[in-house]
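Same chain, two partners: subunit A is paired with subunit B first, then with subunit C.
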Partner chain A sequence: MNLAGFCSLLPEALVIALMFVVFAADLFLPSIKKRLGGLTAWGLTAILACLLWQGFLAGGQKFGETFQGTFLCDPMALFFKALFILTGIIVVILAREFLKKADKNPGEFYLLILSALLGMLFLASANDFILLFVSVELVTVSFYVMTAYLKTDQRSVEAGIKYLILGALSSGMMLYGISFIYGHTGSTHFDAVRGALFGMTSAPPLLLLGILLLIAGLGFKAGAVPFQLWIPDVYEGAPIPVTAFLSVGSKMAGFAALLRICVSVIAPFDKKWALLMAVIAAMTLVYGNLGAIPQKNIKRFFGYSGIGHAGYLLTAIAAGGFSGARGVLFYLLSYAVTMLAAFLVVVYCSVHLESDDMSAYDGLSRRSPLLAGALFLSLLSLAGVPPLSGFFAKFLVLSSAVEKGLIWLAVLGALNVVISLYYYLTLVKRMYIHPPAGGVIAVPLSFQIPLYLLMLGIVGIGVVQGPFVRLAASAVSGFF
Partner chain B sequence: MLALGWLILFLPLMACLVIAGTTLKHEKISAWIACGALSLSFIFSIILFAVLAAQGFPTLQSTVTILPLEHLRLEFGVLIDRLSLIMLLVVTGIGSGIFFYSMGYMKEDKGYSRYFASLSLFAFSMLGIVVSTNFFQTFIFWELVGVSSYLLIGHWYQKDEAADAGKKAFITTRVGDVGFLIGILFLSSLSATLGKQTLDFQALSELLGHPAGHEFILTAICLLVFCGVLGKSAQFPLHVWLPDAMEGPTPVSALIHAATMVAAGVYLLARVYFLFILSPTALSVIAGIGAFTALIAATMALVQPDIKKILAYSTLSQLGYMVMAAGLGSSSAAMYHLVTHAFFKALLFLGAGSVIHALHTQNILEMGGLFRKMPVTAWTFLIGFLALAGVYPLSGFWSKDEILTLAFTVNRPLFWIGAGTAFLTAFYMGRLFFTVFLSEPKWKKEPHESPRVMTTPLLLLAFFAATGGFFGLGTFLHSHYDQAIAWNFSVVAGSLTLSLVAILLSYLIYALDIPLLKPFEKPFSPVAGLLIKKYYMDDLYDVLVKYVQQNFAGLCDLFERVVVVKGMVNGTAQLTGWAGDRLRCLQTGKVQFYAFAFSAGVTLITLFWIVLR
Partner chain C sequence: MITLNHYLILSGCLFAIGMYGIITRRNALLILLSVELLFNAANLSFVAYARYLGDLTGQVFVFFTMVVAACEVAIGLAVAILLFRTRETLNTDEINTLKW
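Right, the complex of A and B next:
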C-alpha cells in the first residue's frame, strides 16, 4: 500500500488508533477513565477535521483508492463519512450523559460505539461486495452488544436477542444474494459487476434473485417495509443512546450502501427496478407515519417516525438518477442534523426524568424552554415545515419523484407530511400546552453547545440551501 | 465596494435582532443601537456614493443564490446604480434624522425598545427593496415592509383605532400585492418563453429588449405589477389606508407614511421602467390614476381638521404627482419629486409632531398663535409649507414644475388637473399653516418649544427642503435613464402665480379671519359634506365588506366547518388513527413472527418482480 492509499484510509486508521487509546486509557490510566467520553468526543472531532481536510484536498474528485480498488475514497464516501463521524460525536455525548446514571464501566461502551462507527466508515467506502458485507457485519455485531448492554434489564436483553436473530437472518439473505451475483458475474468488485451487467441483454432470473436478496438485507438496516418489524421493539429495549445511534447512524449506513449499489452497480440494469422501489417506498411511508400516531413511548415514536423518513429516502432512490441521488444525500444531511438535535433533548430528558413515556414531556416548555424549543424546532423540521432544513429536503425528494413521473408517489409523500405533522404536533402540544409534570430542568453548558450548533444547522441548512445542495450534487455527480 | 452595500443592508437588521434579543429592558441602549446602526448605514452610503462618483457611477451587482435548482433559481443580492444610490441616501439619511427625533418624541413610551426594534426592521426591509436585484427579492421585502409598517402603525395597540388602522393598512396593501405576485409569476413564465427564465432586473431588461409580439401579456404584467404600487403608494382606489395609518406615532408617519415606504411604489416604477416603457397602454392608465389621485386627495385635504390627516392627504396627492410623472414617460422626474418630497414632507410631519408634542392635540382648530411660542418649529414648518406649495426657489418648486412642464408637453388634460392640484395644495397648506401658527391662540396650557434632539432634525431637513433644487439632483437622475425636460417658462410662471394666489387667499381667510368663504358655504355644503365623508370611499368599502365579503366568508366558514373540519380533517384523523391502531397489531413482539414476516416479504417481492417481468 503506497502513501496515497494510506492517506485515503486516514480517517479509518485514526478511528482504530482512537480505539486503542480509549482501550489503553480505560485499562491503565484510572485518572483519565472518568473523562473517556470527552476524550472520545474530542478525538472524533479531530478526525472529522481531518476528513474535512481530505474533502478539501479532493475538491469534488476521487481522493484515492486502496486494497486493489475495493476501498474507494470518492466524494460520496467522504460525504457519508462526515455524517457518520458527526453522528458518532453526538452519540458519544449522549452516551456520556446516559452512563453517568447507569453505573457501568464506560470504556467498553465507547469502544463499541467506535467499532460500529469504524464499520460505517468502511461501508461508505466499500467498492466490493466482500468489504461491504464485512463492514455491515462490523456495524451490526457492535450494535447487538450495545443493544443488550444493560444486562440486568430484561427489555434490553430481549431487544438484543431479537435484533441478533433477525439481523442474522438478514445477513444470511444478503450473503446468499451476493453469492448469486458472484456466480453470474464472476466478481465481487462493483466495477466488474457493473461491467458484466452492461454486457447482458436479458437478466437471468437467479441474478435478479441475488439482487433482491441483497436489497432485502440492506432494506433491513434502512428500515424499509416489509423488513422493518424489528425496529419498534429493538428501539424501545435498547439503551437510549443506542436507539439514537440506530436511528441515525445505522439507518444512514443502510442508505449509504443502498445508494452506492443503486447508482454504481445496478443503475443501468433494469427500469422495472424503479417501480419495485416505489412500491416499497410507498408502503414504508404509510407504515411509518400511520404507526407513529398511537405511540406512547418516545423511543417507539421515533422508531416509527424514522421508518416514515426511510420512506422518503426510498422515494428518492426509486426516482433515481442525479436528482434522486442528490435528494438522498441532502435528505440524509438534514435528517442527521435534525434527528441528532431531537435525540439530544430526548436522551437528556430520558436520563433526567427517568422515563421514556411521552407523558414525561408534559409542560416541558416551562421546565426548560431550551429543551422544549430545540425539540419543537427539530419536530417541525422533521415534519418538513419551511424554512427549516427538513422542508427543503422533502422538496428535493418529492420534486425528483415528480421529475421521474412518479407523481402518485409524490402525492402520497405530500399527504404523509400532513399525517406526520399531526403526530409531531401532539408531542408539541404536550410540551407547550399540558401543565408541567415537575420542576425546572437545568441543562449544563457542555450539552447546550452541541444543541445550539445543531439548531443552527437545522435553520441554516434550511435558509441557505445553496452550498449544501451543491455539496450533495458534487458528491454524486461522478456517477452520472 | 459591494461589501459596503451588504453592510448597509444588514446593519439595521442586526440592530433589530440585538434589541429584540438582548436589550428590550434597557431603553436607552436600544435607542442608541438603532440610531447608531442606521447612522452607520448612512455614513457607508455616503462613502459608497463618493467612491462610485469617482468612477462615474458604474452599475454593480452581487448576488447569492438561495435556491440553486435547474428550473427554479432564486437569488438575493445587492444592486448599486444611480437610482439605488440616491434612494439609499434618502432612506438612511432621513431615516437617521427621524430615528434621533424619535428618541425625544417617544420618551416615556412603554414600548420604547419595541418601537426601535420595529423601526430598525423597517429600515432593513426598505433598504432590501432599494438594493434588490430581482422581483423575487423585491416581493419578499415588499411584504416585510408591510409587516413592519403594520407593527408601527399598531404601536399603541391598546388603542382600538391604532390596531384597526394597522390591520386596514396591511389588508388593503395585500389586495394590491396579490396582483403584484400574479404579475411576477406571469413575468417569470414570459421570460421562459423568451428563452431564459429569470426574474433578475438586468437580465430581464436585456431579455425584453426586443419583445416581438407579447404586447397584450406585457400590458397585463405591467398593470398587475402596478397593482402592488397602488397598494404601497396608496393610489386610488387603494388609498384608504394611508389617512388611517396616521394613528401610528408621528415619526413613523414621517418616515414610513410620507418619506420612504409609500415612495417604494414609485421607486419600483422607476426600477422596472424598462418593463413599463414597453406598454403605452399601461403607462396611460398609470398617468390617469396618478392625476386622479392627486386631485381627489387634495380636495379631501381641504376640509380635514386633523393636522396629520391633512398631511396624509397631501402625501397621497404628491404621490399621485409622482405616479403621473412616471405614467407620462419620465421616471426620473418622478424620482426627483420623490426625493424632494421626502425631505419637505418628513420635515412637515416632524414639525407637526413637535406641535402635537407641545399641545397634545391633533386638531388644528384647537391650536393657533404658535409662531411666537415655537419659533424653530414654525420657521422650519414654513419652509416645508412653501416647498410643498412649490414656491421658488425651494426644492418642491423644481421637481413639481418639472412634472407640470412634462404634462404640458405630453398630455394637456392631465396638465390642467396637475395645475388645479397645485393650487389646492398651496391653499390647504396655507389653511394649515396660518390656522396653527398665526390665528388666535385657542389652547389653554402654555406650549413650549420641543427639545434639542427634536429640533435639530427639523433644522437639517429644512436645509435640504430649501436647497434641494441646487445640488444637481435632477441632472443626476435624468442621466440614469432619459433626457432632462426642457423648461417652459409660461408653465412655471403660471403655476407659481397659482400657488402664490392660493397662499394669499388662505392668508386672508385663516390668518386675518376675513370671511371670504361665507357666501359659498350654503350652496357648497353638499360638496363639503362629500369631502368630509372622503367621497364615501370608506363607506363603500364598508358596505362591500359587510354585505359581500361577510356573506361570502360565512359561506366559506360553513364549508370549512362541515366539509373540511368535520368531514375531511376529523374523518382523516379517525381513519389514520384507526389504521395506526390496526398496524400496531402487526407488532406482536414475537421474534418468530417477525422472522416469518421478513421471509414472507422477500418471497412476495420476488413474486412481484416475476409478475412484472
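Right, the complex of A and C next:
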C-alpha cells in the first residue's frame, strides 16, 4: 500500500486509533473515565476536519483507492463519511447524557459507537462484495450489543434478541444473494460485476434471484417494507442514544450501500428494478406514515416516521439516474441534520423526565422554550414545510420521480406529506397547547451549542440550497 | 458425476431448511442454529461456484463469512443468556413485552 492509498484510508485509520485511545484510557486511567465522552466527541470532530480536508483536496474527483481497488474513496463515499461522522459526534454527546443517569461503564459504550461508525465508514467506501458484507456485519454486530446494552432491562434484551434474529436472517439472505452474483459474474469486485452484467444479453434467473436477495438484505438495514417489522420494537426497547444512532446512522448506511449497488453495480439492469423499487417505496411510504398516527411512545413514533422517510428515499432510488441519486444524497443530508436535532431534544427529555411517553412532552414550551422550539423546527422540517431543509429535500425527490414518469408515486409522496404533517403537529400541539406537566428544565451549554448549530443547519440548508445541491450533484456526477 | 447443479440444489435445500427452522421454531437457540444453516448454505454455494469458475475469491469469501458467523453466534448466545436471566424462558412466543 503506497502513501496515496494510505491517505485515502486516513479517516478510518484515525477512528481505529481513537478506539485504541479510548480503550487504553478506559483501562489504565480511571481518573479520565468521566471525561471519555468529551474525548471521543472531540476526537471525532478532529477526524471530521481531516475528512473535509480530504474532500477539499479531492475537489469533486476520485481521491484514491487502495487494497487493489476494493476500497474506493470517491466523492460519494466522502459525502456519506462526513454525514456518518457528524452522526457519530452527536450520538456520543447523547450517550454522555444518557450514561450520566445509567450507572454503567461508559468506556465500552463509546467503543461500540466507534466500531459501528468504523463499519459505516468502510461501507461507504466498499467497492467489493467482501468488504461490503464485512462492513455491514461490523455495523450490525455492534448494534446488537448496543441494543441489548441494559443487561437487566427486559425490554432492552428483548429488543436485542429480536434485532439479532431478524438481522442475522437478513445477513444470511444477503450472503446467499451475493454467492449467486459471484457465481454468474465470476467476481466480487463491483467494476468487474458491472462489466459482466453489461455483457449479458439475458439475465439467468439465479442471478436475478441473487440481486433480489441482496436488495432484501440491504432493505432490512434501510427499513423498507416488507423488512421493517423489527423497527418499532427495536427502537422502543433499545437505550435511547442507540435508537438515535439506529434511526440516523444505520438507516443512512443502508441507503449508502443500496445507492452504490444501484448506481455502480446493477445499473445495466435498472429498467427491471425500477417498478419493483417503486412498489416497495409506495408500501414503505404508506406503512410508515399511517403507522405513526396512533403511536404514544416517542421512540416508536420516530421509528414509524423514519420508515416513512425511507419511503421517500426509496422513491428517489426507484426514479434512479442522476436526479434520483442527487435527491437521495440531499435528502439524507437534510434527514441527518433534522433527525439529530430532534433526537438531541428527545434524548435530553427522556433522560431528565425519565419517560418516553409522548404525554411527558405536555407543555414543554413553557418548561424549556429552547427544547420545544428546536423540536418544533425539526418536526416541521421532517414534515416538509418550506423554507426548511426537509421541504427542498422532498421537492428534489418528488421531482426526480416525476422526471422518470413515476407520476403516481410522486402524487402518493405528496399525499403522505399531508398525513405526516398531521401526526407531527399532534406532538407540537402537546408541547404548545397542553398544560405543563412539571417545572422548568435547564439545558447546559454543552447541549445548547450542538442544538443551535443543527437548528442553523435545518434553516440554512433550506434557505440557501444552492451550494448543498451542487455538493450532492458533484458527489454522484461521476457515475453518469 | 457430481456437477455444479448438485451442489447448488444441496445449498438451496440447506437454505430452505434454515428458513423453515427460523419460521417454525419457538426456541431462541434453535432459531440461532437455523440462522447458521443459512450462512452455511451460502458458504457451500460460494465454494461450489469457486470450484466451477476455477477462481479463488469464493473460497476466500467463505473465510470471511465464517469469522462473521462466529461473531454473530457469540453475540447471539450472549443475548440468549441475558434473555434467560431476565425472564427465565427462551420461548419466543413469551417474549412479547414490546408490541403495539
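By definition in this document, the second predicted complex is superposed on the first by the 479 of 480 C-alpha atoms of A that agree within 3 Å, B and C clash if a C-alpha of one lies under 4 Å from a C-alpha of the other, contacts with A are read in each partner's own complex, and residues count from 1 in each chain.
As a working rule, a contact is a pair of C-beta atoms (placed from the backbone, for glycine too) under 8 Å apart; a residue touches a chain by one contact, two chains touch by 3 or more.
As the structure is a computational prediction, the values presented were derived from the model and not from experiment.
In the superposition on chain A, A:287 makes contact with subunit B only, not with subunit C.
Look at A:154: by the touch rule set out above, it reaches subunit C but stays clear of subunit B. In the superposition on chain A, A:145 contacts subunit C only, with no contact to subunit B.
Of the two partner chains placed by the overlay, subunit B and subunit C both lie in contact with A:169. In the superposition on chain A, A:179 contacts subunit C only, with no contact to subunit B. Of the two partner chains placed around the shared chain by superposition, subunit B is the only one that A:419 touches, whereas subunit C remains out of contact. Of the two partner chains placed by the overlay, only subunit C lies in contact with A:130; subunit B stays clear of it. In the superposed pair of complexes, A:99 makes contact with neither subunit B nor subunit C. After overlaying the two complexes on the shared chain, residue contacts for A:232 are found with subunit B and with subunit C alike.
Of the residues of subunit A, those at positions 161-162, 165, 169, 173, 232-233, 294 touch subunit B in one of the two structures and subunit C in the other. Against subunit B, the residues of subunit A that register as touching in their complex are 161-162, 165-166, 169-170, 173, 205, 208-209, 212-213, 215-216, 220, 225-227, 229-230, 232-233, 272, 275-276, 279-280, 287, 290-294, 399, 419, 422, 463-466, 469-470. By the touch criterion given at the top, residues 64-69, 573, 576-577, 579-581, 583-584, 586-587, 589, 591, 593-595, 597-602, 604-606, 608-610, 612-613 of subunit B touch subunit A in their complex.
Interface residues of subunit A, counted against subunit C in their complex, comprise 129-130, 133-134, 137, 141, 144-145, 148, 151-155, 157-162, 164-165, 168-169, 171-173, 175-176, 178-180, 182-183, 186-188, 206, 232-233, 236-237, 294-295, 300. Per the touch definition, subunit C reaches subunit A in the complex via residues 8, 11, 15, 18, 22, 28, 31-32, 35, 38-39, 41-42, 45-46, 48-49, 52-53, 55, 57-58, 60-61, 64-65, 68, 71-72, 75-76, 78-80, 82-83, 85-87, 95, 97-100.
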